[in-house]
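In what comes next, chain A is part of two complexes: it sits with chain B in the first one and with chain C in the second one.
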Partner chain A sequence: MPTRSKKPRLAVWKFASCDGCQLTLLDCEDELLAVAGAIDIAYFPEATRGKIEGRYDLSLVEGSITTPHDAERIREVRRRSATLVTIGACATAGGIQALRNFADVKEYASVVYARPDYIDTLATSTAIADHVAVDFELRGCPISKKQLLEVIAAYLAGRRPQAPAHSVCVECKHKGNVCVMVAHKTPCLGPVTHAGCNALCPSYGRGCYGCYGPMESPNAVSLSQWLKPLGLDERDLQRLYRTFNANAPAFRKESERHGP
Partner chain B sequence: MARKTIKVNYLSRVEGEGSLKVVVRDGIVRSAELGIFEPPRFFEAFLRGRSFAEAPDITSRICGICPVAYQMSAVHAMENALGVSIDGPRRDLRRLLYCGEWIESHALHIYMLHAPDFLGFNGAIDMAREHGDIVRRGLGLKKAGNEIMSLLGGREIHPINVRVGGFYKVPRRRELATLAESLKAARDAAIETVRWVAGFEFPDRERDYVFVALSHPDEYALNEGRIVSNRGLDIPASQYEEHFEESHVARSTALQARLKDGRSYLVGPLARYALNFDRLSPLAREMARDAGLGPVCRNPFRSIVVRAVEVVYACDEALRIIEGYEEPAHAAVPAEGRAGTGYGATEAPRGLLYHRYRLDADGSIAEARIVPPTSQNQASIEEDLAGFVQDSLDLPDEALQHRCEQTVRNYDPCISCATHFLRLEMDRA
Partner chain C sequence: MAEYITLAVDGLQALLDELKRREYRVLGPTIRDQAIVYDDIESLRDLPMGWTDEQSGGHYRLVARQDDAIFGYPVGPHSWKRFLHPPVLPLWQAESAGNSVRITTTQGPDQPFAFIGVRSCDLHAIAIQDRVLIGGQHVDPSYRDRRKGAFIVAVNCGEAGGTCFCASMNTGPKVEDGFDLALTEIVIDDQRLFLTEVGSPAGRDVLLQVPHRPATPDEIAAADGVTARTAASMGRVMRSDDVRELLLGNLDHPRWDEVAERCLTCGNCTMVCPTCFCTSVEDSSDLLSGKSGRTRHWASCFTLDFSYIHGGSVRGSARSRYRQWMTHKLASWVDQFGSSGCVGCGRCITWCPVGIDITEEVRAIREDRPAERTHHED
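Let's turn to the complex of A and B:
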């Protein structure tokens, strides 16, 4: 039985986000205690009291960079972390809050707050990898429980996590789903979206809305051509690419080709 | 003791990021501030120009802990604007989904975030070393809630199956029936949970809160009802902004909701329980009595017991809905965009969640207003803190600090929910 101090030290960090991706770890009800047996959960403020001290073997980072303070803090997290894995659309692409990147953040602040002058925020919301080196990016809004466990297991085994970068379409084919776009004329981002959810929305009769962000080599220009005859106008197309991964380069670029 | 400052810079076991600061001068509490350094994400700004149909998916991203609450307040507000109403099995399924979130969220708070305070552990994982069976029971309970969310919503966090007008796909009767076994076990676990938390030691502190919650004549309100208080308020959601207001306080740089007369008020389990006790299921009422709760509980530390009673209720109610479920012919009723204003208030696990949307003729959102439970409770939390510290100045610093943290955790503050919560300007006197 190894002593507690021999176990790798895990830290979970939060930047601008909804907390859902770190909650995914606590949602591993059947595995959580086993994970805690294999890895020392040294810093995880959502779950436990504990101080930031020393270095961490594995850091999971949730959230995007939206304030000058956080732009500094992520550098400190990087310095303390041997391996840094970003989890979720905020951390890997800037999240839904990256919609400010297409607008004037001062105007945004004036809409929400009576005293926008109190607000200290950056004009953009950006991915962690735009600020520091990242060892692995886990996609999704939210991430998948299974993939999170895979990341931790792979880390413990000293190998690369298995998280295929093909499209949601491939997952639909594996599942034997009827194509919602072909059969029901339902607009679907599945052809350009990164796998990981196991084709969740199409399995519920709904088009994929891209919460895992772009796949490895998406052809969004072509998909948009297919979407127009389904009744989507220019404004709809822009909205479709501008959600939780709006600032991921492939979606951003395609969204900029459309608009009201 | 001329001067004393208690600071907890990173408040653990609350969802999101917060801090608290209490300043004492010459034995008098001068200020008690709950600080939130959650960066603003500007939901109400970027919702403008989005389609009404996108609101449930977009607003669920305000909070990963209570996404269903955001989806429910959003769809009800939109349906209110579009003149659509949901009844029968689709209404029941929404209630079932909400029960799933209540069970999951309350079990998370009771077992992983709050109980460790009472038993002297840093968190549930530490607690599991000595109380493995209890922590496993909590995880099992949490899982039962998540199973509802996963089957009916598609996934536990940010479910994908909710839409304005109903659902994308409704479950078959036999699919829902598969949940019954685990829910029966969960109900037993919930009963044991009430007994377990009722045995904790609670500070003897009561406050005469203004309780505010939804209330419905026929059921313990989740999705629908009027907003009522124990001071005679009784209004539809559409009048919320006439009676409550949010202010941007310079001291804390945070939006705080108060009654228009300036008083603080309380939303969440204690308020719901006090205002709707007689609409709990017989089993939940019996468990409350066994736990020594009267029909009203004013001790915030006992909120953990009330949460446990609500878990019993949510299991009971989920089982009732599953038992009586008939598959509807269609998953959703049609909802077409049009100009109008819609209001929605539902009961998130942490309390009342208010949404208002103004729509343009094409169904695009022209204006959005969202008031989460934690910004409504913030003034109460600060008053609790001030009172608690004032009466406990003889405690050593470390114990006092821990009790202050616990005072905040009594509210299960979902700080990332509150997009309005900002970084605190720390007065480091």
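Let's turn to the complex of A and C:
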């Protein structure tokens, strides 16, 4: 069957993940029609049944690599994709499931599964960029709808996506938020965390959880020094850095300074 | 000869009413999220009566006062640049219209601003941004439109904050010029009064509609006492007469490495600084509407994007970024714009999440100059 259009072909791929990031695309609602008008959504199991073989102009990859099979499959995705963009903390840092990297995965499997011998898994959960070349990484757990549309719009316009790697603090200050750490003594990872959420948690008086992962030049050692007097002990600090981006190098390194 | 009159508390309310009647957008101090911020003010009730704050490096706490002072706090997290030089400003939008492109540029504000409670440090900061943004060859039209017609009600500080050092920078605490009206909050015979200095014809014109009376010599003396006490109680001190030479002569001082270990490169200091003016623009293209646009936003010399040129960022290390900010603020600003870029408001100290103190950094370099060290580390 001949192709219906010359529109760029988009594929959405899933690896170890909760589907939340690819659902962000469906969440776009009104904008989804505009996206569908501009690109051919050729492979998106979450939204369509059809599977189209061949090559893709833009692949959005969600999830981390946790099995030998997935480690192979991502190579195939890369081969089929002209541009490969990873979306979300799993794909860009290994996700919450990277907590296995700090433990014995065999022990986990023996506790969780009735027949652990059926489980064929890797000892680690790692980012897509640890396996293949990635053209752009979109951060977040989950990603922001606005930023996803920006990545697609930028791709279509042939320009660089606007997704600055500076701290969440810059977003707070643009919004005029009062600093929750300085004024409320609320522990906040904002100063070491990558922007993109538009300072969601601090805008509601909560500290940043770091779900966008480390910013471009994180100084977690210095921040931790200031978090201690706010009542965080070593275990709290380790847990603070060990969430959705536990395996991102800057957070991993800092968490390891506060315990095994 | 300065012209002094006295307002009672209801006179202050009448002043707010008169500014509103003249269709100013009245902005002033108010409490939000446990801090005194600047926002739209409807009446005296919105002002932080009976509140102050406690400030030190990386620390801010709203504290109840023992009295009903209305302006009994130093400066908070916001500065007036939020309004004159907004953090995010759409510049233009473009959309297809048949065979042509229609471009819409952003207009200035609908109403002129009236700022209530502008402190001396912030008046100096506004004067600095005036020089930078509209005083030179290249005028920023957005700043010009926002600045034009702004009515400034200044306030002489009744007490200095824990991170204040305007007295060191010769920028306060007593306001000198650049205002329409300047208030000093005084209490005489248990009555709260505002000794008011008229600073412009516009200020005098507004006052004509506000109940007032001539100031007594006692009231003038009381107001002088207020600013003298404030000047003597600065939370911080920084010797500023030779700071330009000090910093430019110590560009390889080991202190830059030491501060880089603490600096988060988060950019908070530049965002809260009332004189930092750098911006960047970003273009957007919207799939749904088909519109394209350009937006300007505050930029910070602490980000890697700031010094990004072909091949990478010029200032990759925290050391080089902190040094760039501080030497520009205190030293090369003088060569560029004819004054220091620091007004001693202390915001960069209070709002640094790890409490880095610009006055302490200057002191550390001053007290350990290369000539006095046994060896020179780079």
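Here is the rule we use: the second predicted complex is superposed on the first by the 254 of 260 C-alpha atoms of A that agree within 3 Å, B and C clash if a C-alpha of one lies under 4 Å from a C-alpha of the other, contacts with A are read in each partner's own complex, and residues count from 1 in each chain.
We take it that a contact is a pair of C-beta atoms (placed from the backbone, for glycine too) under 8 Å apart; a residue touches a chain by one contact, two chains touch by 3 or more.
The structure presented is a predicted model; accordingly, all values stated were derived computationally and were not measured.
Visitor: Per the contact definition in the header, classify A:86: touching chain B only (first), chain C only (second), both, or neither.
Guide: Neither partner.
Visitor: Comparing chain C with chain B, which touches more residues belonging to chain A?
Guide: Ranking chain B and chain C by residues of chain A touched puts B first.
Visitor: Considering only the touch criterion stated at the top, classify A:107 as touching first (chain B), second (chain C), both, or neither.
Guide: First partner only.
Visitor: Kindly classify A:211 by the partners it touches after superposition: chain B alone (first), chain C alone (second), both, or neither?
Guide: A:211 contacts chain B only, not chain C.
Visitor: Which partner chains sit in contact with A:34 here, chain B, chain C, both or neither? Use first/second/both/neither.
Guide: Second partner only, chain C.
Visitor: In the overlay, answer first, second, both or neither for which of chain B and chain C A:182 touches.
Guide: second
Visitor: Is A:255 touching the first partner chain B, the second partner chain C, both, or neither of them?
Guide: neither
Visitor: Determine, under the contact definition given at the top, whether A:126 touches first (chain B), second (chain C), both, or neither.
Guide: The answer is neither, since A:126 touches no partner chain.
Visitor: List the residues of chain A that touch chain B in one complex and chain C in the other.
Guide: 30, 205
Visitor: Enumerate the contact residues on chain A facing chain B in the complex.
Guide: 14-24, 26-27, 29-30, 32-33, 36, 41, 44-50, 66-67, 69-70, 95-97, 99-100, 103, 105, 107-109, 111-115, 118-121, 125, 141-142, 145, 197, 200-201, 203-206, 209, 211, 236, 239, 243-244, 260
Visitor: Can you name the residues of chain A that touch chain C in the complex?
Guide: Contact set of chain A toward chain C: 30-31, 34-35, 38, 149-150, 152-154, 156-157, 159, 162, 164-167, 169-170, 173-179, 181-184, 188, 190-192, 205, 215-219, 221-223, 225-226.
Visitor: How about chain B: which of its residues touch chain A in the complex?
Guide: Residues 10-17, 37-46, 48-51, 54, 57-58, 61-65, 67, 108, 112-113, 116, 122-126, 128, 132, 135-136, 139-140, 142-143, 146, 154-158, 160-161, 168-169, 247-248, 250, 253, 255, 331, 405, 416, 419-420, 422-423 of chain B touch chain A in their complex.
Visitor: Considering only the defined contacts, which chain C positions touch chain A in the complex?
Guide: Going through chain C, the ones touching chain A are 32-35, 37, 58-62, 77-78, 82, 87-88, 261-268, 271-272, 282-288, 297-298, 300, 302-305, 318, 350-351, 353-355.
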